[in-house]
Every structure is written in structure tokens, then in C-alpha cells.
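Each chain gets a letter, A, B, C and D, in the order it is written, and its residues are counted from 1.
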Amino acid sequence: MKLSKVGDLVLLQSDPWKQSIFQLSEGTEIQTHKGTIRHDDLIGKAWGSIVSSHLGSDFLLLQPSLRDILLHLPRQSQIIFPKDLGYILLRLSIGLGSRVVEAGTGSGALTTAMAWYVGEKGHVHTYDRREDMVNLARKNLTRFGLEDRVTIHHQDLSEGLKQTDLDAAFLDLPMPEEYLGILRNSLSNGAIFGAILPTTNQVSQLLPALKQHGFDSIEIAEILLRFYKPEAQRLRPVDRMVAHTGYLIFARAIVR
Amino acid sequence: MKLSKVGDLVLLQSDPWKQSIFQLSEGTEIQTHKGTIRHDDLIGKAWGSIVSSHLGSDFLLLQPSLRDILLHLPRQSQIIFPKDLGYILLRLSIGLGSRVVEAGTGSGALTTAMAWYVGEKGHVHTYDRREDMVNLARKNLTRFGLEDRVTIHHQDLSEGLKQTDLDAAFLDLPMPEEYLGILRNSLSNGAIFGAILPTTNQVSQLLPALKQHGFDSIEIAEILLRFYKPEAQRLRPVDRMVAHTGYLIFARAIVR
Amino acid sequence: MKLSKVGDLVLLQSDPWKQSIFQLSEGTEIQTHKGTIRHDDLIGKAWGSIVSSHLGSDFLLLQPSLRDILLHLPRQSQIIFPKDLGYILLRLSIGLGSRVVEAGTGSGALTTAMAWYVGEKGHVHTYDRREDMVNLARKNLTRFGLEDRVTIHHQDLSEGLKQTDLDAAFLDLPMPEEYLGILRNSLSNGAIFGAILPTTNQVSQLLPALKQHGFDSIEIAEILLRFYKPEAQRLRPVDRMVAHTGYLIFARAIVR
Amino acid sequence: MKLSKVGDLVLLQSDPWKQSIFQLSEGTEIQTHKGTIRHDDLIGKAWGSIVSSHLGSDFLLLQPSLRDILLHLPRQSQIIFPKDLGYILLRLSIGLGSRVVEAGTGSGALTTAMAWYVGEKGHVHTYDRREDMVNLARKNLTRFGLEDRVTIHHQDLSEGLKQTDLDAAFLDLPMPEEYLGILRNSLSNGAIFGAILPTTNQVSQLLPALKQHGFDSIEIAEILLRFYKPEAQRLRPVDRMVAHTGYLIFARAIVR
């Protein structure tokens, strides 16, 4: 049976919408809105255990899943939501050994997910011109032991890429069309391009630029995720939901 | 530059909605609704090339992405759609080294995706009582070189599981509540459970059974994916979309 | 040109999401979060005028539309949202001369809308066992001068209906199946039945009861409405939306 | 009890998705995919009756609701769907006595619905430059006895409107921004403007023109309607749905 130990990342939750993620260390305490819990009372516990705060409130002790980690990533920018992330990874065909480029890095949520899936033989190159973002992403990647799979480039993508024959690219930038020329030269023929854009105007601007720079087989999609209240006798959707995160655009690099 | 070669799996498309996936072999031809193409004319071509049929129609030659492969999997049953698949993989935290159980196998789409992501050190155990499904899934997995990462069990899950300490489980079966007792014993504490169910009645039946068998932190979600026509000056959603595939249910195995 | 006058119902808004509805009377003031406005400064103004508070903030003076009235109805219960209301009225074929029954009355939003559309020759019978609801609905109807078109019955529908040959019925009650027998007798052959229910379990319970009590041609629908930010160069949906109000069920009374 | 009679408009359906609407006349027959039915067998029947074809198939005899009529309107152009229609009518505050302008007329679905709701004291002015549309709309309106409430103008809206002080306007035209100047002069202060547009680019073009021509309090919305299969023990959405009809834009005419 697996037990929690010092240094483990843990997820502690009172209900599915109230979660904390932190690292176990001896002699420390965590404060919640429902009372204090000592780390020493969590160390050596079976995952999935119910633990109590000093006020007697129950908490569930779990290993955070990839989704939990991404949702709770320390951040200074909007992150890509799990509903979009899962589809992006599948659509970009990110897998063992993939060599991928991403910009901007932001808080590193997509970087972390990509690094998780490319494995030890793959690699992620991520670009951001903001130093605070680069530092935050590095800290987040190190926390999950994924720093060896990622090269963080503190530069604007427009200054050029040295990598070639990359398998996939993802741009989370306001004007992706400005980088398509540079990007195409770094991608292998047939490579998969992806982008996320919040407004319809940005999508309209990206489309002709894609054709012009040797990308085709274009797909535009948006994903809506709706949660339901988990009550067997009163099953119904929750009252409110996220109405929009962004439009997802995908294309393939073709030979001209 | 990477070129296509004999034995490669290729994706040939006239437009994004008309695709064929097949393996390259010398001396063979492929018939399309827009004319015939000789495999010999495709072998040695750069990925992303435009090739012509004997009628002069253009086709794009691509390496199939994971999504393409899953969408075009030879099937005898409804497969899980990419919109759901990406979220399921993320939500189950499937990654390198994951040990996972799945039932039923069906045509093996989720099996293939899971095998892709668990890597060489992970493993997928998949159960189906139908021999035709088991055979089809085996064929599909072998086609993609993933057979070593999967054990296909030709048996009903109710006959019992020998595995223990599994990290995650996914059930695509009409009555998942019947297998929760058996399943819980095979899962490690804190493991992640998932299921897909087409009707609200099935969800209502699963919920109390989850609580009863030691699962908690329940999430129910449905995902809607809407495509847009890729026309910059006339940007708008397509006319029709998939209205429903299934409700996704996730939970964590807790210590009782 | 139409000008506002004492006694008129007015809508005053600083932006589309911050609206007040009130009746003009001399010597009165209205307090807003952006300063005070004297009714005397509003009386005799052209509709559509921009008026200023004592703090210099701009407000738009409008005649409230039916939607505005319904959204701002003084209420003690959840009202039916405009997205559902418009479809309900069309689906029930409410028009000039329609004779309709409704229960429960609640705050009277649907009652008001129905009374608006049945005209002077039509009539709405509405039932509620709660006295506070009956009083509130009466107050709301009187405010809009629609009280002559409505009979408010302070009784539970289960005690029986005296009306016959009604054209349409709408139930906004937790267990509509309990009233179908009584209701069927009051409806003309071919009349249209409608209901709104928040949970899937309630829908499942209503369906067989409809068949059993002589209703057929059943439709179940749910309506999602998503707003967009009105910014021409940054067009995109708003961030959050209502995920659920209720399932709408419609049927026709058949001859058995 | 109300019985069908010669000249009545009837709705005959085998299931909710297979409907015919026609006028009863002696000595006539209707052919369906499930056999022939003689009008003489329908005349004098109670509404809501089950009738049989010569092949023994059952049909339900109903008075068509407004929604049925609109859905089955003889058409030469895309009509506005009921999901949008209900909201448009409510949002434009169309009611007894409303004086409304609409362009283009198209097949007259919205014209019919508006004429239905404005009553005998209201009036609808509808404009279309296409003669075939004007003739079809006139035929449709006459069929429902609503022709007295509508003036059909066979001209392009750009040639000018003679009406003044109108309460509401609705444009279903490719470039509504071109008519806003002319339209504003015909609308009373505070009047409500509405439009439906299929593409995001059209919405982006309309927005600044609205501000420029004295419209404010802008709302943009889209409505999704999803049907469910009416099976109590297997309740679930249908497989496919309409993904898009158009974006709805509303605004109020202000005093400048």
C-alpha cells in the first residue's frame, strides 16, 4: 500500500471545489477555512484517507492528478483550461518522443502537460519574452521534476528559432500570424500547428496567414464543458458555467 | 527531411472531412471517389506533400495524428470521441508508468490512446467478454506497435481482476455499478475512477453505488464541441453538431 | 414625439446590466450607485434620452420592454428566464383569444407574459396555494394593467379546475404528474401542455404519466443562451453563462 | 367539443418529426409515406383524434400551433427558427398594438409571427425587393387570415420608409448597417432594434454603425436548443443538433 511521505505533493480537499495542493514537510501546518491540519498528521497516511482538522472537519488526502496540478498551478496569467488542454494534446498528437515548440510560456500549464506526455526522449521548447513568466514556469516545472524535458527560452519568438524538424507547435499569443513564417521553417513537413485565441477577429486574421505560410487542413473548434450536481435523485446541471475560454485552431504544415 | 516509406501508416485527404488511413506497400493502389492513386507514387514523398490522383484531383499526404488514428480505427462498436478522450486521459492522469484497467475493450480506441500515453513502463489491462471485440482491439493495437503495453483479457470483469494497486480505471459498460466492488479491490487508495454513460438514468444509478463502494470526490461532466467554418471573411459555426455522446463521471477511491 | 409622463413605468440604465424599473411620480428621487436623480427631471423627457445624476453620471431613459419588465418583476421565487419564456409562448401557441391555465403562479412572470399575449378576448387562469405568491402576482399584474385578463385562484390545482375546453396549460410545479388527470379534463382535445422541470429525474417521472393520461406528441428541450461582448474589434462570448434553468416538456392532449 | 371542419388548417403526424400541414376540403386525399388518407375521413373529427391510413398506420389529427405553422411555412429562403423567434418577439416587446417594421420579408415566417402578436390594432410593415418573396409572403399571410395587419412593401429598404414613430424594427439582411440611418428616422425614441446575422464578421461591422446612427444598449446573443429523446428509462439528448442559425443583436434607439 502506498503511503504519503515527506516531499510528496498532496491534494487536500473538503469538497471537490475546495482544494489545496502543497508539499509535505515535517513540523509544518496548513491553515484552511475549516481549521488547522499538521503535516505530521498527514505523513505516512494512506492516499485516499479521511483526515480531520483541529476543528473536526473532514478532509480527503489525495495524490494530485495531472488535472489537479494544472488547475492549481501558481499563476500570473490566464491558464489553458483542462477542457481545452486534453483536446489540444490529442489534436497535436503529443506523445512519447515528440519534439514540440510553444509560445508564450505564461505560467507553464501547457508546458507542464506537454512535458508530462513527451517523456524522457521528447522535448519541449517554450518561448516567452517576459522574465517573470519564464521564472514562474521554471519553478513550476522543477516542482514536478519535469525541468529536464523543457528548454525555456527567454526571448520573443520573432527573434527566431534554432530548432528544426519539430513535430508540433502551439501558440498562445495575441497575434500568432506574425510568427508563422519563422515557425514554418522550424517545423517538419506535415507537422501539426495549434493556437488558442479569445476573439473571433483574431481567428479571422490568422486564417489567411496560415494559408500564406504553408499551412492547410485547418480546423476551428470551441469546447463547452458543463458540470452536473452529483445527486442521484436530483440530477441536473450546475447553475452556471464557463461560457468561453478561446477558439482552438489547428492546421498541418504542408510542402509548397 | 522525413520521407514516407514502405510500412508507414499514412493519412490521405482531399479535404479535412474526407480522409483515408492505410499502410504503404509497394505495387498497391488506393481507390478514392476522386480517382486512383498508386502507393508507389506516395512512397519516398515528403510528409505534407500534395499528390494527384489519375483524375488530377489533389490530395494531402500526412502522417496520421493520434486523433486521426483514433477517429479512423476499424470498429464494430461506438468509439469514444476525441472531445471526450482528451479530457478522460487528463482527468484519469494517465501518464508514463500508469497502470490502468479498462472495460469493455470495444474496438480499442481508448485502449490505444491509453497505451500511447502510459509508455513502456506503464501497462493497460483491458477486459471484454466479446471475442470479436477482443480480436479487433488486438489487431488495432498491433497495427500501431502498442501490443506490448496492453494485456487483453477475454472475460467479463465480473469474473474478477487479478491486478492490484492500479492507478486508474475506466468503464464503458451499460451497468458500471455492478463492477465497483471488484474494481475497488484492484485499485490503489486514491486511484481515479472514470466512466462514460449515455443516459441520465444510468448516471443516477451509478452515483449511490460509488459512495457505497468507497469512491468519493465525484465529478459529472458533459463536453460539447462545435466546429467553425474556416472562412476568414465569413466566420461562423458549422450548421450541425454532435449533441450528445455521453456523460462523463469521475471519482477517487478512498480509504474507508 | 412620445414623452414620459407621471405614472409611466420607466427603465433607467447606466449600462445594459445595471437597470432600475420604477413608476414616475412628482417630487420623488431615485438613488443609484452613481448618484441621485429627481423624477421631475425625467418627467416630460423624450424616451431614449440621456439624463445625468447629481454626480454627473449618464443614464439612458427608456420605456421598459416586456423582457425588461419580466426580468425586473418583484419576486419571491425563481422566475422563468426570457430564453425559456419566448419559446414556451410560441410552443403553447399563446395568442389573441387563447384560454390558458397555469400553476403555480409564483411571482407571476409567465402569468404576465401570457396575459400580455392573450389580449382582451383571451384569459389566463392561474393557480397557487401560497397566499404570498397570489398577492405578489396580483400586485405585479395590476402594475401593468393586465389584471382583467387573469383569474388568480388561491388553491392547489389538485382541488380541481372548473374551467373546460382550455387551449393550453403550463405547469411549473415539482410533481406535475400528479395533476395530469384533473388537467386533461379541463383541456380541449388537441390542447397543448407544457412544463418546466429542473431535474432529469422529474422528467423521467413525468413521461409515462403523460402517456397514461392522454397526452402524446411529446417534446423535451433545453435552451442555452450565450451573450457576447459588444466590442467590434474584440468580438467574443462573455466569460460566464447560465448553465441550466430547466428542461421544457411539451405534449398534445389526444382523444382516447 | 371542437370538431374539424372544411377549410380548417390541420396538422397530421405519424411521429413528432414527420408532420404535414394542409387545409381540409371535401373529396380530396393526402398521400403519406405510410398510406393514403381521405379528407372526408378527417372532416368532423375531434381534434386530438387518432386516424388511420388505408394501410392501417396511425396518425394524430391536430390543429397546428403557431410553431407548427411557422416550421411548415412554404418557403423559398431560410426561415428564422422557433428557438430564435420566441426570444426575438419577447426582446422586441412585440405585443398588442405594436407598430413594427421588418426587412427582408423572405418567406414571411417572422412577419406571420409578428402579425399574430400585434393584434388588430397593431401593424407590421415588411420590405423586400424580391417579387417572388413578396408574393410568397402574401400567400402565407392570407392563408392564416393575417393579411390585414401587414403592409408588404415591394421595395428595397434603402429607397426609404414613409412610416414614423415605429415601436420596433427587425432586419434579416446581409448588411443591416447600410439601413440604420433611414431606419432611425422611422423609429420612435427608445424604440427597439433587432437583427439576425450568420457570421461574426457581420456582427463586427454592425456594432460601430449602431453607435454611429443613434442606437445603444446593445445586446448580442446566440441560442442553442437541444432536444431529448422522450424515453423515461433511457433519458438522453438526441444525437445531433443545430449548431448555428445566427447571432441575434438588439439595441435601443436613443436621443442624440
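We adopt the following convention: a contact is a pair of C-beta atoms (placed from the backbone, for glycine too) under 8 Å apart; a residue touches a chain by one contact, two chains touch by 3 or more.
These numbers were taken from a predicted model, which means no experiment stands behind them.
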item: Least step count from chain A to chain C, where 1 means the two chains touch; value: 1
item: Contact-richer chain pair [A-D vs A-B]; value: A-B
item: Approximate Å spacing (C-alpha centroids) for the pair chain B, chain C; value: 46
item: Distance from the mean Cα position of chain B to that of chain A, given in whole angstrom; value: 21
item: Gap in Å, rounded to a whole number, between the CA centres of chain D and chain A; value: 46
item: Of all residues in chain B, the ones touching two or more other chains; value: 200-201, 204, 226-227, 233, 235
item: Touch-based graph of the chains, sorted into line, ring, star, complete or other; value: complete
item: Contact footprint of chain A on chain C as seen in their complex; value: 198-201, 226-227, 233-244
item: Interface residues, chain B side, partner chain C - complex; value: 200-201, 204
item: Of all residues in chain D, those that touch chain C in their complex; value: 1-2, 13, 16, 46-50, 60-63, 65-67, 70, 82-83, 85-93, 95-96, 113, 116-117, 119, 165, 188-192, 200, 203-205, 207-208, 216-233, 235, 247, 252-255
